[in-house]
Structures are given as C-alpha cells and as structure tokens.
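Two complexes, one shared chain (chain A), two partners (chain B, chain C).
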Partner chain A sequence: MAPDANGARRLRGGAPGRRAAVLLGLVVLALLALAVLDTPASGLVPSASGVEVAKRFLGTALRPALDYQEAHPDFEPFLWKVAKGAWRTVLLAAGGMSLALVFGAVLGVFSSDAWWEDRGGRGARRAARGSVQAALRLVIALMRSVHELLWAVLFLAAFGLTPFAAALAIAIPYGGTLAKVFAEMVDEEPRAAAHALRAMGASRASEYVLGLVPGAMSNVIAYAFYRFECSLRSAAVMGFFGIPTLGYDLQLAWNDLAYREVWTYVYAMTALVLLFEAWSAGLRKRFVA
Partner chain B sequence: MTTNAALLARSVEVSFDGHQVLRGVDVEIASGELVALVGPSGSGKTTLLRVLGGGLAPTAGTVEIDGTDPARCGARGLRPLRRRIGFVHQQLGLVPILRASHNVLVGRIGEHSLLGGLRSVFLPRDPEVLEVHRLLERVGIPEKLFERTDTLSGGQQQRVAIARALYQRPRILLADEPVASVDPARARAVVELLVELAREGGLTLVVSLHDLDLAREFFPRLVGLRDGRVAFDRATSEVDARSFEALYAFAGGDDLLRDGA
Partner chain C sequence: MSASHAITADDAARLARVAELRRRRPVNRYLRVSLVLCGVLGVVAWIAGDLFPRFLFDEASRRNVARFLGELRPEPLQGEPWDWGVFAQWVRETLVHTRGLGDAWRTFNLAVLAIVLAGTFAALVAPLGARTLATRDPLSDAPDTAGWRWLRRVVRLGFVLLRALPEYVLAFLLMAMLPSSAWPAVLALAMHNAGILGRLHSETLENLPAGPLRSLRQAGATRAQLAFAAGFPLALGRLLLYVFYRYETCVREATVLGILGIRTLGYSIQDARSKLYYDEMLLLILLSVVLVLAADAASVFVRRWLRRA
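And then the complex of A and B:
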C-alpha cells in the first residue's frame, strides 16, 4: 500500500500546524503567567526581619525539641504529645482512605469499560448503559476536580469542626482519583481469562472479579499505598483547620515561635511517611514477586 | 427438535464486519463422538467451535446444544447451557497470577454466585481440593498444584487449562488448536490426553487441528473446512489423500489476505 498524505500525517500524530499552534499557545500562557505573577518578584527579596526569622528557624533544624522549649508544668509530656499528634494523623488518613477505597472500588467497577462491554442488547438499552457510565464518570471527575482542602472548607462550614468532616473531605477527591485509576488499570487487563470464564457460564460479576481483578491487583495495591502516603500529608494539613493532627500542633508551635518544636513535628511527619513507605514496600514485594 | 445430537449446526453463517467467515455450515455431532475439525488457518475452524459452544451467535442459521438453541435462551438461560461445555481456548485464558489450583477451581465458577465463587476458589473444601489434585495428577502435573500459573511452562499451563475444563464437569469438551503452542513431541501427548479423557468421561469431544497426522491418528471422524464451508465430513478411514490435498490447495492471493479469521 502506498503511503498517502493522510497516513503519513497519522503516523506523525496529528496535523503539523496544530502542534505548532499548541506549542505557541503554551508559550504565550507561560509568558502571561509570569507577567501577571510579577516575576521576578521584588517580593521574593526578603525583608530584614524575614531574613532573621528564616535564620533562626533554619538554625534550629538540627536541634529538634525533645521537651517544651518553655516548661509548662501542667502539660502532658512533649514527646507524648508528638506521638499523639502522629497517631491522630494516621487515624484521620486511615479514615479518609478507608472511605476513599470504598468509593474508588464501587465507582471504579461501574465506570470501567470492562464492566459494560459485550453486553449486547438493542439500541435503547445500550444507550441507557452508556449514559449510566458517562454519568458515573462525570461524578468521578467532579469528585477529583475539587481539592481536599476546598472540600474541607465546605464541610467545616456545613458540619462544623468534626474529624468525620475532615475524613470525608479527604475521601471525596481521593475516592474519585482511585476510581479513575482503578478503572483504567482493570481496563488495561487482557480479556482472555474473563472471556474463558464467561464461556464456562460465570456471572458477569464473577467474570470481572476473578477474571480481571487478580491481574490488576498488584498495580491497584501499589497505587492505593501511594495514595495512603498522600493522605498522611493531607491529614496533617487538615490541622490548619483545627483538626488535631501534627499540622495543628505544628501551627501552634510556629505561632509560639517555638521553632525547635516545629522541627520535631516536621521530623515526626517525615518518620511517619518513611515508616509507611518501608511497610508498603515490603507488602508490595510480596504481591509482585 | 428432532435429534439426540450433542451439537448441531444448521446452515450456519457468520460474518464479521461484512466479511463472511462461515458460509452455510451443517454439522451434526452425536453424544460421545470424537471429531476433529481440520482445514487451513482462516478456514473458519475457530469460529465454528465458538458457534458450537454457544459463545458466538451465528449471523444466520441455527445451533443446538443438547437440543437447546442458545439464541433462544436469553442471557440467564445461557449460563447453565455454557456450564455443560468445557472449552480449552487457544490462548488458554488462565489467570496468570493465581496458583494452578485456583485456576482449576475456577472451573466451577458457573455454578456459583460471586461470593460463592470466591469461597469455592479461595477457601475450597477438602473434597474440592482432592478433586483438583486428582485432576492435575491425571493431566500429568500433580507437583504444580500450588505454583503460580505464570511460572509454569506453556505446556504445563495448557494442562492446567485442560484440568480446569474437566473440573467444570462438562458433557461436551471443545478445544481450539490445543497443540498450537506446544512443540511437536508434546503435541501428540496433548491430543492423546484429550481423547483419553473424553473416552473416560464419555464426553463429546470436538477439536480443531491443523496437524492432519494427529487428526487422522486419534479421531474416528474428520470434518474438513475450507473457506467457511464443509469440504468433507466423513469417517477418517474414508478420507483419502486427494481430499486433503484439495483442502489445503492454494486458492489464490485473495484467501491469504483474508486469513486469520
């Protein structure tokens, strides 16, 4: 077959004019952004007091506090407080993540192509199925497109300052992201096993769960662990809204100018993420090998 | 309708995207019969097997499996019908990351709901485990029971697929090119195994094979397909060399381009 102009264009991936236009658009956007953001910003040159604060803060980096910088006889021991903050951060992350996993699993299955394909039937039923799937994908997109901190602002305004509201704020965007990624991972799976199961009389649900999910499982688990790590960070940040996590303690310490205590919280957060990373790496190895 | 045939195809036609793969096929296979479908690749063997197994609805014509037309069952009636048919696919269709034992246990998935199926695969009862062990022993790989399926060789995986099809307790066993992915020395053993198993269980066996020697050696009846039509359908002893030559004769470039259906 002689290569015609159309074929050649397809091989290059789209019309050359369009690519140039996209590139030009991006450059213009970048220049606009720099102009609007006033870069290089004169504001980035710190004031004298700013330099002083930065110096004092960074100067204490290697000397994290092991006790309150100013003794408070009635307070609980400092390290106990750090441990409690870390524990609450883990709890909030786990709560948000558990909900997110439920959202992600349910929405992931029912938004995946694999669930809806090869169902046959007439035009009307086909269209109905197509619109259910499209609606679910829209819901998922809405969940994902609003950041957890914005959901937190909304829920805190609506329900007040409850840990559940914070967990829900994490669960919604995380659940949407998990749903999207889970569905993509399952859709990537080869269909041979699922089709073999169908040929032996398996129900649609059995076909999906036993024919497709096992192959996607190691990827799904690895991704879920990665999101758990992200949710630890998000949970800590929820402290800025007053939810008692490491972020809350960190903010109070900062306001008290207790920089060494701030560093203790930062290191506690780091330790948490590293510990989690080590644990999940071990688990992942077991699943992949 | 009329017959006690295990499998029956009447004037079956199948088209994919306007390209006709089967052009009016009539086949009747009695219960317990051993039949090989032979013919060049692209002649429609796989498509005919899928139609006979109820996995593909013909564009025209009718199919009966044990006297039931799968086209009239509806989605719900199709499941019990499919349970009666064990199908060894060319790509096997095993779940790679599961153990061999799990893959065999999957064979009865059609009898269960989702939860019952998960129970039966991941928490099998003692008699189920024993049966799986016995089947893997029968197909020659008892020591692979707990190994992950993707660590097994192609030939061993094929035996897992055969054990799975048998665990299903089918009345009819269909196998699509079961020797396509094994070397010639093993090919003979695989076909021999399928025939033995079918004889032991009194199963109807239909196998597509492009290896004529194997087909002639093990099957009492041959159905020759060429270009979507039945070229011959006879007892093996009555098929002469001329028929085989005609079956594989070069028909022109057109056929080659359409190959692979």
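And then the complex of A and C:
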C-alpha cells in the first residue's frame, strides 16, 4: 500500500488547494481572453463561401490526388513531385539540425555548471567565469525565445530567398533549445567519475569529455532525435515563405483550389512526421533506460 | 629508457583484456544504423540541399546584407551618433503607431485560450484512450472485447492526427473556411496541443497507482466515476505541469500565426517587414522575446509553486 500512496502523492504534484487555485485561475484567464480577443460565436460558423470551401475540401479527404487534377504535358509526374517535396523537407530539416547540433553542443558545454565548476583559483578569474556563463545563458535564452519563422523573416530579409537562410532560421532556436537541454542533462550526471579523473590530474576538458559526457550521451542522442522530428514540421512550414518544401507545394495547390492535391501533401507531411516519430520512439525504447 | 617502453608479457595480457572487454561490450545495432543514416542525411543536405551560402562571396549580396544591418538601426539615429533620449522617444512612438503592445496582449490571451481549450479536451477525451479505463472491465486483467480495443485505437489515432499537422498549416486551412476572427488561430493552436496533451494525459491515467482506483471499483464506482471523480484529481497535477510546459510553446506559436493575418505580434512584424521598416521589425521581434521570456518565467514559477506544496 505504501508505494501506492507515495506514488499518488507524487502524481498529484502538490496540495489540492493550489491545484484548484491554478485550475480556477486558468479558467478565469480563458474567459477574459474570450472578451479580449475577436472571438464572436459567429466566428465559429463558416460563412456561405466557407461552407462551400469546407464541403469541397473536407469532401475530398479520403480521395487524395494521385495525379494532377488538371493534367499538363510539361509537368513532371505528380507523385514524383510529392516525393521531391518530401525529400527537400527532410534535407532542410537535416541541414538545420546539423547546424543546430554544432551550436547546441558548443553552447551546451560552455553553459553547463559542470564545465564552470569552481576548482579554486583567484577571485578575479572566478568572477570572470561566472559572467561568461551568465552571458552564454542569456544568448541561449535569446536564441530560443524567437520562433524559427521570425528568424526566417529576419534572414530572408538579409540573405534573400535561399535555403541557407531557412536552415539558419531553424538552426538558431533549435540550437538554443539543444544547448539548454544538453547542459541540464550533463549537469544531472553523477560527478564521481569526473572527480576521480580530476584527482588523477586530468584537465578540465578531459574530465568533462571522459567523466561526464559518456553518461549523458544516451539521453542527449534521444533528445536530439526528438528535435529532428520537430524540425521536419518546421521545415515543412518554411515552405509558406517560398522555400520549396512540402508547405510550398501545399500552399500553391490550395491557391489553385486543387483540394485533392492538398490532401496528398497533408498526408505526405503526416506520413513523414509519423515515420520519424516511430524511428525516434524505437530509439528511445531500445536505448534509454 | 627504452626498457620501460618495451611491451612486457604483463602489458600484453592487459591489452588483450581490454580488447576482450571491447569485444564484449553491448552493441546497439539500431542506434548505430540510426546514427550513420543521420550523418549521411546531414552531409547530403549540405551537398544536395544547396545550403552552403556561396552568395556571401558575391559582392552585391554582401552589400545587401550590410545595408540590411544598417537599416536595423532606429531610423532617427541612422547616420547620427547614438542618443538614448532619441532612442526612447522612437521606441515609444513605434509601439504606439504599430499597436505592438496591444498585439502582444492579444498574443498572450490567444495562447491562454488555446491551451485551456486543449487541456479541457484532453481531460474529457483522454480516459477513452487509457488502457486501464477504456476496457470491458476497468482495472482488471480480464480479456478485452474487440469493441473497446477499437475505441482506444481510434482515440489514439485521433490524437496522432491532431498533432501531426503543424499549427501554422492548420490555421492556414481553417482561415479559408471560417469568417475572419481570432478563432482559426485559437482552434489551430488548440487542436495541435489537444493531440499532444491528450496522449500525455491518457498515459498519466494508465500509470496511475492502481490500488485506490481498484478499491473504488470494488465499492461499485462506475467507469465514469473512476475516470472523472478519481482519475482526474489524481492526474491533475501532472496535467497542469504539461499544460504549462506546452503554454510556453503556445505563446511562441501564437506570435507567429499573426503572419497569416490574425492580429497577434506576428501581424505587426510582418507588416513592418513588408513596408521595409526593418528597425521597427526588429523592435517588435524584441518585444516578442520579452513576451516569451515573461511567459517562460510565469510558467516556471507556477510549476515550482505547484510542486513545492
């Protein structure tokens, strides 16, 4: 009985009073939001033209296009085009993630408490270390708190419509998130091995790389995979800014009123996400204790 | 000197032991193949994806970048020495005429409404996806009927489908069907997060300690009573943690949905961009940073307050 009772207390996560207060607060805030926002009840009822669009769009949900709805001799085969869009989405996600991993690894190491752990030394040096770490944490927070599409707005203005701008737009917020999580994971590792290495005279770097990183590695890899999955969604959405990924094709098909083609892209996007979700779930199951 | 470097029989034995240990270490083939595939994908992306910024070696593009950076400086200060008074004045005026503060306020509200709707949906529907509750005989190991199995599968699939599409795409599609209001953005955020919270909440329900629920069942509680009178309060703490965790993401996404034309911060950012007022665009992006950091801090604070009790 005792473990169950402990489990229940842990799951409840705090006193009933506080939970009820938070729940009530959320409901009140949501009601206030209804008043602040432009959310009339009529906004939930499709207009006449909306009903028409909804009928035609939702009516074709189970009949995704396998060929162009209006054939044209010059076009490449439709399914080839879908496959190419999916492939480009994967490539952009992989390109963004490869940069993000570099940012995340470097910033993660140099923002973790373990790296800056006090090993004595003169006061001035210790203060300098503290401020470097604080500055890095601020940089990471800034990288994370701007959404990838806002980074894209900035970089597209700076570099024009190039895949590099899109990859960089994904890489910066993702790199910030990876850095934060990597640092937390390393800091949660037991320090015994690292301290043993230090007693043998290991440098700060080898103490870190040999004593801490191996233990955190399985969690780090699992989390990086999960972010890869998210970057696929981001890469698809970059298409709305004109980068040729699935989102781009979807938007064009929608503007052409080719709803069955839209569904094909929707399903392609869903399938891609599910494929990578299964891949990373498989990894977590086999790899993370 | 050289004698100490000669490999003695002792060293050889030690090396053999190391090699032996290396051979016997657990090897995870799934992981190896995954890592190799990802490495290949990363390399291919840079070669075939046309990612390398060759254009930066081009004189004209470099000038473009330099001009862009120059235009990020507040307009009254361009070509002038930096003056904090002028800067403060410019910030005040810009926030007024772009209506940035109102947009930030609406962004915050939109995120709250969406996450509360998503949480309510999850709380109501998740029991139908929980293995322990949505069975013929709750909390027992008795064999299940096909009907209940299918119901669970359909509910779980529904969660997957809800979260598969990005919020941005959902909002784009909804905007074509609903009259212009904030609803398409609210619903898009709520739907995506309902899929995520629904799955997490049904997992919490499945992992609840079985003892209390089982004794209620033996005392004659119905399935609905188990799910909502016992399961919900037991799982509420965890659900609230997830709600606040997703709330942070919601604020970020709500900002961006403005680009589609709904009045959140993204709307004024996009507006400034299309007018090529890059200085104002940067200021509004920084405002969104403040909003997100405030939301993060509030969420961390509430989560800690809940946990500490």
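Basically, the second predicted complex is superposed on the first by the 246 of 289 C-alpha atoms of A that agree within 3 Å, B and C clash if a C-alpha of one lies under 4 Å from a C-alpha of the other, contacts with A are read in each partner's own complex, and residues count from 1 in each chain.
Everything that follows uses one rule, which is that a residue touches a chain if its C-beta (ideal position, glycine included) is under 8 Å from a C-beta of that chain, and two chains touch if they have at least 3 such contacts.
Note that the structure is a prediction, hence the values are computed from the model and not measured.
Visitor: Taking the superposition as given, does A:27 touch the first partner, chain B, the second, chain C, both, or neither?
Guide: second
Visitor: Tell me the contact category for A:193 with respect to chain B and chain C: first, second, both or neither.
Guide: First partner only, chain B.
Visitor: With the two complexes superposed on chain A, say which partner A:211 touches: chain B (first), chain C (second), both, or neither.
Guide: First partner only.
Visitor: Is the number of chain A residues in contact higher for chain B or for chain C?
Guide: C
Visitor: Can A:201 be said to touch chain B (first), chain C (second), both, or neither?
Guide: A:201 contacts chain B only, not chain C.
Visitor: Now for A:122: first (chain B), second (chain C), both, or neither, which partner does it touch?
Guide: After superposing on A, A:122 lies clear of both chain B and chain C.
Visitor: Can you name the residues of chain C that touch chain A in the complex?
Guide: Touch residues, chain C against chain A: 28, 30-31, 34-35, 38, 41-42, 44-46, 48-53, 55-56, 61, 64-65, 68-69, 105-106, 109-110, 112-113, 116-117, 119, 160-161, 164-166, 168-169, 172-173, 176-183, 186, 204, 208-212, 233-238, 240-241, 243, 252-253, 255-256, 259, 263, 266, 269-270, 273, 278, 281-282, 285, 288-289, 292-293, 296, 302, 305-309.
Visitor: Sort out for me which residues of chain A touch chain C in the complex.
Guide: Checking each residue of chain A against chain C gives 1, 3-5, 7-8, 11-19, 22-23, 26-27, 29-30, 32-34, 36-40, 42-47, 50-51, 53-54, 57, 88, 90-92, 94-95, 97-98, 141-142, 145-147, 149-150, 153-154, 157-160, 162-164, 167, 221, 225, 228, 233-234, 236-237, 240, 247, 250-251, 254, 266, 269-270, 273-274, 279, 282-283, 286-287.
Visitor: What residues on chain A touch chain B, complex-wise?
Guide: 120, 192-203, 205-206, 209-211, 214-215, 217-218
Visitor: In the complex, go through chain B and note every residue touching chain A.
Guide: 53, 55, 75, 78-83, 85-87, 89, 91-98, 106-107, 109-114, 117-118, 121, 165, 168
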